[in-house]
């Protein structure tokens, strides 16, 4: 299903080469004034074609609002935004039907939908479907900001080149402001050049490269989320894995807790004036599924773009034999920079639901 | 919420020192013959008190079936199993009310439930609540086995001592059979002694240690799961994070994809007779959220038990000041071995829902 | 499924002649002090055996609380209540297996559950399963009362004998108080004797009789509920049809609107001090699915008990032929009086969910 | 919420005078060939402007398909259909803001959405929002027909003029075929003239009139639906009350069961060849929430259009005083004929979900 959420639900639709893609957001509070300028900035951060790290396909990706907004303010009715599909070159994908691309959903989609799914450009599995998610996230992010909650992500790594991580107990608003408008979001901006060089190297070698995205949520009041299956980790992970290419997620100290002692991993409480805080934040702002008031921090693993221009072995459904495939067309050698606003968007939709439940 | 699932729903209830804990499983297919002997074996694998790596608290943990079963066969009505709480020593936890234990949900639970939650023994946040999950998983696992689907987990690491991982393209039934009854489940059994030594060392040092659990699902037909938010990763992660102490999850090659090239990460398809398979399995049996027919493999990070006997800094709610806490009572220095059947159980409940939706 | 609710979920389990029946209520607010005395009064109103209008089967039906309550106060964890089954005489139902009783779910249950459902005493379809619903409703009703919301039902008719209906714009608390403890709840108490006479007549004629229940909810703030599918009518009806024997529901003027003119049906607004009210209440307190602040009023049709002692034609599954059936055992000639607290309970569970969503 | 469904979900969006209205249908099976000609016929049955019984507002109401369809066949991806809003005359509704129209959702919508909802033309509460529901229903209806399930409705009554009801045990396909294309659907066509005369009389008297719609579902296999809260009555009623103006629903003999004896109401089983059937159908094809294989039959009460041209008393929010309102604009004196395809559509969406769950 391409629907998610309990109190605030999103329903994403569209296929890469169909008539349009978009999202319905149901359950938004009425009376929230939105800046569409800011929403379009978020969509531009995700959009391809900005520079050499991304595909040259040009998209406006500016959504038309069909409902739910009057005078730039939410009416409380479902908000529907539609992005028309234009500039599609279907012939680039002419051989996909018979030969599933390794690492793509071509094969599994074919089985799942008995061969009836629209495979042009990846169809409903296309990364282009993250555009409506970014739209929905940008709407939710503004509503959260009205309540003092901020969300920011950065490129935590590309290949083996690592950015500095968030200071888990102190994430200043200025950093969030800067990251929220960055197209190549880094904490340590000196890492941009080596990362871009690595990506360019992969492009020249007809290859691609993976990476990680780190995301932080600040201002979350203590006490949001529920134990067991409606915990913050459950809810964030259940939407974040909706982003194509995500293969892992970890909260707080994440996988490194597996090598830690309890005495080392436990975050001690202390009073900071009237507020209870922890001196470290290995728990990533979440204990027992519930927010502690410390920043919520998570990282996701993004796999390298499967569309590489090299020759690859695959099968031919029609001929029923093994074969060799060469993918043409326009592809990012690294989608990690563009994945940052998508991860933030997923977090925003998750958090607005968590707030509604508390 | 302590409820999970769409077609087959579980609703877990109970507090560590209340009258009983249990689970309602709603939506099970009728006519499934169950071996309760096998269910109890799974519960014994999770139960504490078997050896020095676990807490000495003795529990029978044998559930009474209130409904949903006639002649050892599912009737189709909701199955309710109750485990009575006995042998609780509440006085061990006498100072928890005022002083939240670092790394526990004491603080967040107190905020979330305004101080009304039952804190004795961790209340509803207790690891003991995984017993009904194991029960539910053992029921689902048998029903899945009737359909050719097998699930097995092992201790993938304790601290920095690592077990061999599953061969991602070939997981023999014999290995699954062995792991399914192991109380200290390892692929490379030579790792048991060093792991036990490390755990014992942590105990002596009044400390605890984390680890990882790897879980594999074989026999899953291609085409299960849905794109975007009802993908296999979404659904498995949304239940697995319901297990206390899990701080991360990764599928297939997981976080290591972030350092891989596309040419390296892509799993090439080939015909194995009439069946399409992949030669490698970095995708962990999942592409676009949908099963490929290859084994589904994931790993979870388990944090070290927060209950360590060392003195720790925390706050005192009542006195409204910083203070020092010493935790008494019975605690596992390492819960990873007991977490294995819990992770398998969560996977089983997830997979039976995935099947029902396909 | 025997689960219902979004923010506050109930999961009902049990079969008439199994080990026990009960309910898990998940999502209750913490810190609500409950009177279990009052809960038991509600359960007694539903329980059989009080007088000649009901079955002589004696049940304690007193639930044991397994979780979610400490010091008579909700902890916020799932509340599980179990009622043990005792005093069951399975031999009374010995011939049901092969011959489905007309008007019962024997036939449909057999098809749905492939013959594996527990048919003794109606199994999971038994009216006895309304006991845990009354428990859940009584819990919710007390929490609602803390917020100024009251719920009351009465026997609106038995056969063609009609009680006075609620005054739709003025339902005094004294009436609600009286109805809330009545075992044969009527607005016009002079109707008790003719109704009891009719019921007794049906018993003597080895027959049964239907009726209607009217239910009112007062104190509901304006603005609860949502348009389209999460409207108050949708939500109340989706739980009320979970009560066996309900075949219809109508809100406000209900089916009589079909013969009305718009000028007659429209309820005019006026200011009553600062409050907007309507002079009539044909809309039953609901416009566009949302509460208007006027009393919410609905009526349900209750079919006559299908278990009549007369000989009836049916089929024999085993012999695969038409046959004649004579039902023995203990049966109410009229379940309408006992249905009143069940309808109230369903309304209470619905309303607490509606409030949580607003 | 304007979202409904579990396995096949619909999410309806739009406001009467916004940019467009529409629906996303998520979870449809792939590979279903659809006739869009037939879908448009259903939409035309609902559309206004066909004759004097309906409003003169002219709408094309032809939806554009944005996704989910390739070569007139479902792809399995979410199907989104958008209907552009044109020909809106907002000035007709100029005085609604301050003075809520009696019988409309103006007042409750204002409270629910804090005055931010789009009130032009009824906004999201407009009957126009039933157009996307009819679209969704027409899609589901074709898929159901591929599986041998048929759905038909008729005008059961207008005011006190009654059509013949369905023969509850025998509903021929020819009747269904005729009703499925009728714009004024009746079983006894001789009732058209008196009904039209009554409607015209109401128009001349600046008034409106209510009625009932009866709907039948044939070909439903026995065993669909579940006990308690996922029964057929629960599921159908929870969507049908999403149709504006519906104030009651009854299944089978409905409210008349309240005056019946058990011996009279019970439907006796018999063998019709190998098939178990009932000689009567007071149960409306549903026992214990589960289909019996007999036709499923229900009736809904439709209130008279609240927009009547007569002067009515109401309040003025701005002036904070009682006032008198005169509604101008274009309004149906009777929406019952147009409600028929809407009720059928709701039934189709309900039934496709019921099938998916069985």
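Letters are used for the chains, namely A, B, C and D, taken in the order the chains are written, and counting of residues starts over at 1 for each.
We adopt the following convention: a residue touches a chain if its C-beta (ideal position, glycine included) is under 8 Å from a C-beta of that chain, and two chains touch if they have at least 3 such contacts.
The structure displayed is predicted, hence computed values, not measured ones.
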Shortest walk length in steps over touching chains, chain A through to chain D: 1
Chain separated most widely from chain B, comparing mean CA positions: D
Averaged-CA centre spacing for the pair chain D and chain C, given as whole angstrom: 27
Centre-of-Cα separation between chain C and chain B, whole angstrom: 39
For chain B paired with chain D, centre-to-centre distance based on mean C-alpha positions, whole Å: 46
Junction residues of chain D - those touching two or more other chains: 1-3, 12, 77, 112, 124, 227
List of chain D residues in touch with chain C within their complex: 1-4, 12, 100, 102-105, 107-109, 111-112, 124-125, 129, 157, 159-160, 202, 207-212, 222-231, 233-235, 237-239, 241-242, 244, 246-271, 276, 278, 282-284, 286-292, 301-308, 310, 312-315, 320-322, 358
Contact footprint of chain B on chain D as seen in their complex: 6-7, 77, 227, 357
In the complex with chain D, residue positions of chain A that touch it: 1-3, 9, 11-15, 18-22, 24, 26-27, 30-31, 64-68, 70, 73-80, 82, 112-118, 123-124
